[in-house]
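I have placed the structure first, in the form of structure tokens, so that the comments after it can refer back to it.
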Amino acid sequence: MTRTQALDELVTANRILAREGVVDSFGHVSIRHPDRPDRYVLSRARAPECIEVDDLMEFSCDGTPIDAAGRKPYAERFIHGAVYHARPEVRAVVHHHSPSVIPFSVTNATLSPVMHMCAGIGTRVPTWDSHATFGDTNLLVTNMEMATELAAALGDRPVILMRGHGCVVAGLSLRETIFNSIYLQLNADLQLKASGLGDITFLSEGEVAAVLRTRGAFTFERAWEFWCRRAGRPYDARAMDGPLAGA
Amino acid sequence: MTRTQALDELVTANRILAREGVVDSFGHVSIRHPDRPDRYVLSRARAPECIEVDDLMEFSCDGTPIDAAGRKPYAERFIHGAVYHARPEVRAVVHHHSPSVIPFSVTNATLSPVMHMCAGIGTRVPTWDSHATFGDTNLLVTNMEMATELAAALGDRPVILMRGHGCVVAGLSLRETIFNSIYLQLNADLQLKASGLGDITFLSEGEVAAVLRTRGAFTFERAWEFWCRRAGRPYDARAMDGPLAGA
Amino acid sequence: MTRTQALDELVTANRILAREGVVDSFGHVSIRHPDRPDRYVLSRARAPECIEVDDLMEFSCDGTPIDAAGRKPYAERFIHGAVYHARPEVRAVVHHHSPSVIPFSVTNATLSPVMHMCAGIGTRVPTWDSHATFGDTNLLVTNMEMATELAAALGDRPVILMRGHGCVVAGLSLRETIFNSIYLQLNADLQLKASGLGDITFLSEGEVAAVLRTRGAFTFERAWEFWCRRAGRPYDARAMDGPLAGA
Amino acid sequence: MTRTQALDELVTANRILAREGVVDSFGHVSIRHPDRPDRYVLSRARAPECIEVDDLMEFSCDGTPIDAAGRKPYAERFIHGAVYHARPEVRAVVHHHSPSVIPFSVTNATLSPVMHMCAGIGTRVPTWDSHATFGDTNLLVTNMEMATELAAALGDRPVILMRGHGCVVAGLSLRETIFNSIYLQLNADLQLKASGLGDITFLSEGEVAAVLRTRGAFTFERAWEFWCRRAGRPYDARAMDGPLAGA
């Protein structure tokens, strides 16, 4: 993948999250820099639905812009750097405030997969509460100290909630991370509905492990084509017909 | 109906299910082959919203593609063949993951018709749990052994839920099966809302039987025209003005 | 208003109900014939979203088409005639299956206005259950006997629910009846949400009476303009600037 | 900002509230007159989605139109004048009937921020009940006496609910007021969902204060750009690249 393709896909990822209602004016998605693993790429501070390639900036893992060129960065960019620093295998990070997910961050109800497509969120998603260490703040993760604690709480999981705020999703590819962001939202919707009907049978740990073990890139690709169409973004059909098709 | 018309309608059925939110990137719909009852027609592995006529493939009932031509089939195509094998009268099968339906698959609440338009789902829709026989799997029905057990659990019913996964809908025509798929989703929405208000008066068995006894092809046709319009698919107006109009 | 205008408005009413989600492929709206009070005008059997002027048919109050010209009427047209017969002041009737309203028809929860805009539905909306007199049927009101009993249960009210089926809304003008149909749906949404939060303070009978006493045609006109725009239907701006503006 | 720009922005504010589902045919938004602080600008009585610049009228704080030119004003314009009179710092007022908010006005559940973006609604949003002083009315605030009592109940808060009716939102700028109107709706959605899951941890008073202390104009600007795009309204990109970008 060329650098141009990578940036185009990051724009697409922003538009997809907006189209699917995972983000509104806030929330952001980054990729680890394709050539410089100590950097990440993230838009300037702008609503995801509006982002263009020229909005994309490079940052070092401590959140310093490489060449800001007058562009204002997100105040919470530190979340991304802290996760990339703590998790060398992670290639993409999303921070979002999905209205389906927030209710689970402010109650004792614990998100856990209720269907196979949502297994990627991991069993018993934890919640990080900034208040425990940092007290009364505006809840924004605006420095490396807070971001490092959040990344430590995330550990090697794919998802962590943030009390009264949102969540972080980290994954091995941009497609996987967008996929898990959207299915996290769906799982929250499903679990909320199911909790009104009675006790819930969640996926077993063995089932979650089996889904993750057998899921291939093709699953993410199929969803990516669909979401591109809904977001009005071009999709390179060769990806579906190429080597992935045999995966 | 010519073969071309049948394939066009199958594409339309995919687009309708996507437009109505019954399927997202996943879920699929098949028809029994119009001329070869031992075969069925199903898209290659692709999101229903994106499917074109060239994506449609033929399969024998054991899931073997007749002429794959490099196209990757759905991993769960076996569901379709097992139902066509067990139910000679069935002409169309849908497998979907409607977010309205899933909550009923993971709780003890039992879906049953709360309004006349939903009578086609049958009273007290059962749930099949793959875990009972197959233990910790990725929940996908990826072979004939699982599919055959699922089809046996379906029996002669129109619908069965799959725990933590979705459902199967089988019918005597493509229009009827799409109709029941969409009204299954509606019934789940209605029943979830009603369960928050108090005890529910479901349709009696006699009422369900009366609906099924008196429902004609015209009911499905009227809905089909509406759904075609919403999905941006052509509709042949002659069907509404023709013999069906007197039905 | 000319006959052409009246028919155009009836088409618009159909499109509005579809756009606002009050009807799907089913449900219908009629007007009393502008010149022949013993007749009403109702579409042939077709989804409201698809209806054109040429679909509109005239019926006598017993449901007999005046000049069918090969068009198939709604099986439930009898509802309209029975209400026009019983209520000489009524000028428009809607029968719909709003998914917000149905849950109240199958539980003991009683719809009543929770906000001023919904006062037109009347306090404590009753439910008619076809099973009480007619036993196990397909729930459709397909003859004058059933329709007459339903109209009697409606009495002089603006709305009645039908158990496991839908509702009837009757009003003094097409705009008022569409208005009350849509705000009936909204009230059901509001009441469902509020019932999850605790005991509800409904509008008092005095408040409902005060709303009805002070509501003018301009209220309906303002909403009509908005709904026309959403439904993609032309709106005659002169109505807003004309005598009504001084109402 | 020129007078033309201010009026264009007020039209945009109306369209945004409509697009985001905060208002339907009813509800209205005003600004204090840019040059005459004893006046405010508000549309003639029309659905917010339909409003054009020519619909905007000037009023003195007692609700008298300056130059009606045959245009019919909103019956409830008095709300705006009473708030501008009581609160010299307020520059914009919204009155709306969001279907998410109403349920909190008719139950004992108290709206309070569950996430940081909603801190602007203030802790423990109160409800004003017109019935306490004025008895059985149509609930409309159609004179200065009612409006003055409502404004007194609002006090120095940003939001007050109106039982069985809607709410008032007042702010220091049009963007802030629209922002808080939309996030009030979101908070109501979140709180309703969360209340179905168990006891809720609301933002602490210290957290709310911290959000308000650190929130800059850029936050409102980022959201405004997004909402303009969704509403199909032009957005002046220079605002994002200008001095605000350094805020």
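Letters are used for the chains, namely A, B, C and D, taken in the order the chains are written, and counting of residues starts over at 1 for each.
The rule is short, and it goes like this: contacts are C-beta pairs under 8 Å (C-beta built on N, C-alpha and C of every residue); 3 or more make two chains touch, one makes a residue touch a chain.
Fair warning: this is a prediction, and the values are worked out from it, not measured in the lab.
Please report the smallest number of touch steps linking chain B to chain C.
The distance in steps between these two chains is 1.
Can you name the chains that touch chain A as well as chain B?
Common contact partners of chain A and chain B, which must touch each of the two, are absent.
Counting residue numbers used by both copies over all numbers at the interface, does the chain A-chain D contact come out same (over half shared) or different (under half)?
Mostly different residues form this interface, as fewer than half of the numbers used are common to both chains.
Using Cα averages as centroids, what's the distance between chain A and chain C in whole Å?
Each chain reduced to its C-alpha mean, chain A and chain C end up 46 Å apart.
Could you work out how far the Cα centre of chain C sits from that of chain D, in whole Å?
Chain centres of chain C and chain D, defined by C-alpha means, are spaced 32 Å apart.
Would you please write down the residue numbers of chain D that are in contact with two or more other chains?
Where chain D meets two or more other chains at a single residue, that happens at 196.
Please give all chain pairs that are in touch with each other.
Those chain pairs which touch are A-B, A-D, B-C, C-D.
Over in the complex, which chain A residues touch chain B? Could you list them?
Residue list for chain A touching chain B: 113-117, 119, 186, 189-190, 193-194, 196-204, 206-207, 209-211, 213-215, 218, 222-223, 225-227, 229-230, 240-241, 245-246.
Can you list the chain C residues touching chain B in their complex?
Within the complex, chain C contacts chain B at residues 24-26, 45-47, 49-50, 70-72, 97, 99-100, 102-104, 106-109, 131, 135-140, 163-166, 192, 195-196.
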